[in-house]
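Residue numbering begins at 1 within each chain, and the chains themselves are lettered A, B, C and D in the order written.
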Amino acid sequence: MNPSINVEQLNSALTSLRTLRSSVSQVFEALSNGLRADHGEDGKEKFLLELQELLNNVNINLRDLEQTTNGLPIPTGSFNLGNTTYLSQETTQDRQALYTQLVNSYKWTDKVHEYSSFAHSILSQNSLRRSYANSGSTKRRGKLQSNHNVPPGQVDNVINTIDRSYTDMKITISRPYASNAVVQISLGHVLKAVVAFKGLLMEWVMVKGYGETLDLWNESRHNVFRKVTENAHAAMLHFYSPTLPELAVRSFMTWLHSYVNLFSEACKRCGCHLHHTSLLPPAWRDFRTLEPFHDECKQ
Amino acid sequence: MSAANAAPITATDSLTQALKANIIPNQEYLLQGSVLDSAVEVLLHRLRGLCDNVDAGPETFDDQEVCFSLRDPNQQAAPLMLRVRKALDARDMPFQLRYIGQPDLGDKNRPTVVRSSLDIACSGMLIEFLNELGCRIEFEYSVKGYMFRKGRMKITVAKVFKISQSAMPPEPISQSYLVELSVLAPTGQDAIAEDMRAFADQLRPLVQLDKIDYKRLGHMPS
Amino acid sequence: MGVTVLQQFPVPENKTGTYVIEMLSKRILALGATQQGQFLVDCESYLSHPQMGTTKTVHILHNSEQPASVFSILESGNKNIHVIADGLFDLFMIKLSQHYTSKKQTKIESKGPRFELGDFCIKLGSVTMNQSFKGILIEVEYRPCVTANAVWGLLREFLQGLLGSSTVIQPPQHLKNRMSEIYTPIDTVHQYLELFSAYRKTTALRVQ
Amino acid sequence: MQREEKQQEAILQAILNRVNDLKTAIQALITKLETEYETINWPTFLDNYAILSGHLTGLSKILQAEIAPQLRSLVVLPLQLGCKRDEQLAQMTEGRVPACTHDLVPDLLRTKPEPQAEQRLQQFNHKASTLNYDTAQKQVAQFTKVVSHVWEIISKERENWEGESMRASGIQPTHNMADTHALVTAVGTGKGLRLGMPAIVPGVGGPGMGPRVPTPQMGPSSQTMPKAPSTIKTNIKAANQIHPYQR
């Protein structure tokens, strides 16, 4: 929108245009009606007088319009009206199907607004801060680079270094969605995992069995790997460190690597492979000692 | 739940059922021909236009076929011929074990060769298995070419090579591509043969697909 | 496909096979398992024609867990060569009937209920040959794991829990030298064949 | 007696139906010719003739068959002839025969060929019976020769015509029978593939070469007459142009 256009002026110009139009239509109306009974005897002259008066009116109105339009600033360049330009081309409202679209978009924006307000209220209570957006200290904000905006090359470097340090854990990087890495990990013949990164920030983990097909969203069909996935999410959040993102990834990978003995090592606490109720092997690894425990035995 | 807990039927029973219902494709309808190397591009073009899998382009294959024979212990019947086909370009695919019966050309009115055929996908140590079973390798060759589909019909255009013993590049059998049009179907579906004849006519005069009796040709003095 | 162990379960002197199966089913259901249908493993053996030289045996096995497959194991001397094929392999054996003849009276099968318990799959099979009851085979599969040596301790613990801690559980002969390899369905079939062959040698226990 | 009468009636009815069919077909043909001669589609018009001949053969079948022996023994005796117009007869014949006159009756009730025709037929019969066996044989042979020659020409033209599209654009034959047989035998029986056997030199001494090719094809043999196609083509075109039914 061009700010230099005075809306008041524009309004008055439009009003004078309207009066001009109505006066012109009065002229035509009088003309079309022709002589009427109330013109009386010498109707012809009266009629002509009336017509003259009306035309005078038109003249006056036209002058008014000219004056107001002269006062308007000349717009620079053409207006960009967007899709509304097409409005002039199709006048039947039904055929434009605008109404439903408008209603839908209104609903959308309404929903977005609602959700974002909910999200805001929830996030503001959440102590687990994974971004700097509201991390209090304004001083640190400037110095630190955010760890979800890291060049892909650096991410590759970090992950490849981790890959090289394990012989029985193979890590491959792919980037199916733009620049963010999706990392596939296969750990011996025990399990496969897929980790979605945002920069150097781990966002999602899914653990599956050796024979299963890997994807980001479908859960494993085996109970034990569903439990491991659950624990891996906990670990991902536990290891999160905004200041040292590399360390977070490295610690997570070390932790994940400890699952290499998922089936062969017994629980450190109860000494059994299978927990007597859940019938699961020790699917929890201590964050520091990496010792295996059943979920139920870890306290 | 009770229905799910019903005892599974034995494999033999289900096979007998399938045999009774006549749903096992054990007949091969076959037409054969060849096309000179110089004209193969034209043929491929035409097939691309005629066949179903156009959008994906022609499917290539590179197979090795080993032909085994198993002699009759009573020395009465002709030896059993078995063929094993393995894909050289996709090593993790299962082997294909084929039993092919005597070709039946029938009279002039029958449009295609009909022969009984069993196609079995096999994995594991098939070659060793057949060797231990008592089979002898008769000959082997490799075929490399293109595969097309048109409904149930399969059209292959392939070059046949001798397997070279040394590191030499494989030597082609002739200056032509072997063209085969075949359908595997259960017994008695002779209508498909007419379709095949109609399709073969569309490839004329580029390729002459015919019933060819290799047995008769093989015994002809050359 | 997870690692599977096949275990023979001794039938006490004065009990029938049906009784033992029922007892074991109750025990497994008490652990929280659900029954998921029935299973069937069968085996038919073909002997080579005497004029073909040394006798060779072809065992054809079907497993309802892999319903579209036919497992064929050729026994020649001390070598076992297996081929996994699709269902038409049975027709192929008919073509070979001149060369290999079926020993109908040794057709043997194991069938019974199939349970799922967490990641485990347990099958209680009663073995019959020629309609005569031969014994009980328990198949336990732990599905998440693919190598036998990693999961052996876990499986032993489970089996001992199921069958009583006094049971001695040894890895099956077939698995002993391939403990670190990836487990495939044919390994299960080999185990069945081993035990089926053992049953064939013993005389029939009693009519069920 | 009654049974015979009934039979006779049925046969007459059948013949009458056939004749009526024939009549309507002829009528339709005539109407078409008279009313639509400007817009007529000649191939469909020719179909009408086929219908006619179908009806005729149907009729003659009935007459030839021995199902009507009684009819042969029946006699039609014209009792009275006259020039007076007989309204009933005219109506029955739809105005075609107004009276039973001396002029028409011999033709209508004729059971034998015309005397002139009979005479000529006798002449031919006589000629045929007196013909020498050898000469007859010779003539038959000659005729067969001519027919087979024409047949040969036609089939050869057809062969060339089929290959026309290829050769017109200058493309060489695209397949070779010898190669086909070499490939099929190699794949089928392993000829040339077995160890220690000499390979088939492509095209030389391969199976199926020479005159023993089972299905004579246009493959190599048609190369012997490279000029023919063009003339044939023009001939066909010319024939098309003078085709009477082409519009």
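We take it that a residue touches a chain if its C-beta (ideal position, glycine included) is under 8 Å from a C-beta of that chain, and two chains touch if they have at least 3 such contacts.
As the structure is a computational prediction, the values presented were derived from the model and not from experiment.
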{"item": "Partner chains shared by chain B and chain C (touch criterion as defined above)", "value": "none"}
{"item": "Maximum centroid distance from chain D, chain identifier (CA atoms)", "value": "A"}
{"item": "Chain with minimal offset from the mean of all protein Cα atoms", "value": "B"}
{"item": "Distance between the centres, which are taken as Cα means, of chain D and chain A, whole angstrom", "value": "81"}
{"item": "Where chain A and chain B are represented by their mean Cα positions, the distance between them in whole Å", "value": "56"}
{"item": "Euclidean distance of C-alpha centroids - chain C vs chain D, Å", "value": "75"}
{"item": "In chain A, residues with contacts to at least two other chains", "value": "none"}
{"item": "Category of the chain touch graph - line, ring, star, complete, other", "value": "line"}
{"item": "In contact (per the touch rule at the top): chain pairs", "value": "A-C, B-C, B-D"}
{"item": "Residues of chain A defined as touching chain C within the complex", "value": "189-190, 209-211, 220, 222-225, 261-264, 266, 272-274, 278-281"}
{"item": "Residues of chain C touching chain B in the complex", "value": "35-40, 42, 48-53, 56, 58, 62, 64, 67, 70, 72, 74, 76, 79, 81-92, 95-96, 98-100, 109, 111, 113, 186"}
{"item": "Chain B partner contacts - residues on chain D that touch it in the complex", "value": "162-163, 165-166, 171-177, 179-195, 199-200, 202-203, 205-209, 212, 215, 217-219"}
{"item": "Contact set on chain C toward chain A in their complex", "value": "1, 31-32, 117-120, 142-147, 149-154, 157-158, 161, 182"}
{"item": "Residue ranges of chain B in contact with chain C within the complex", "value": "1, 4-8, 10-12, 14-15, 18, 24, 26, 70, 72-74, 77, 80, 97, 99, 118-126, 128-129, 132-134"}
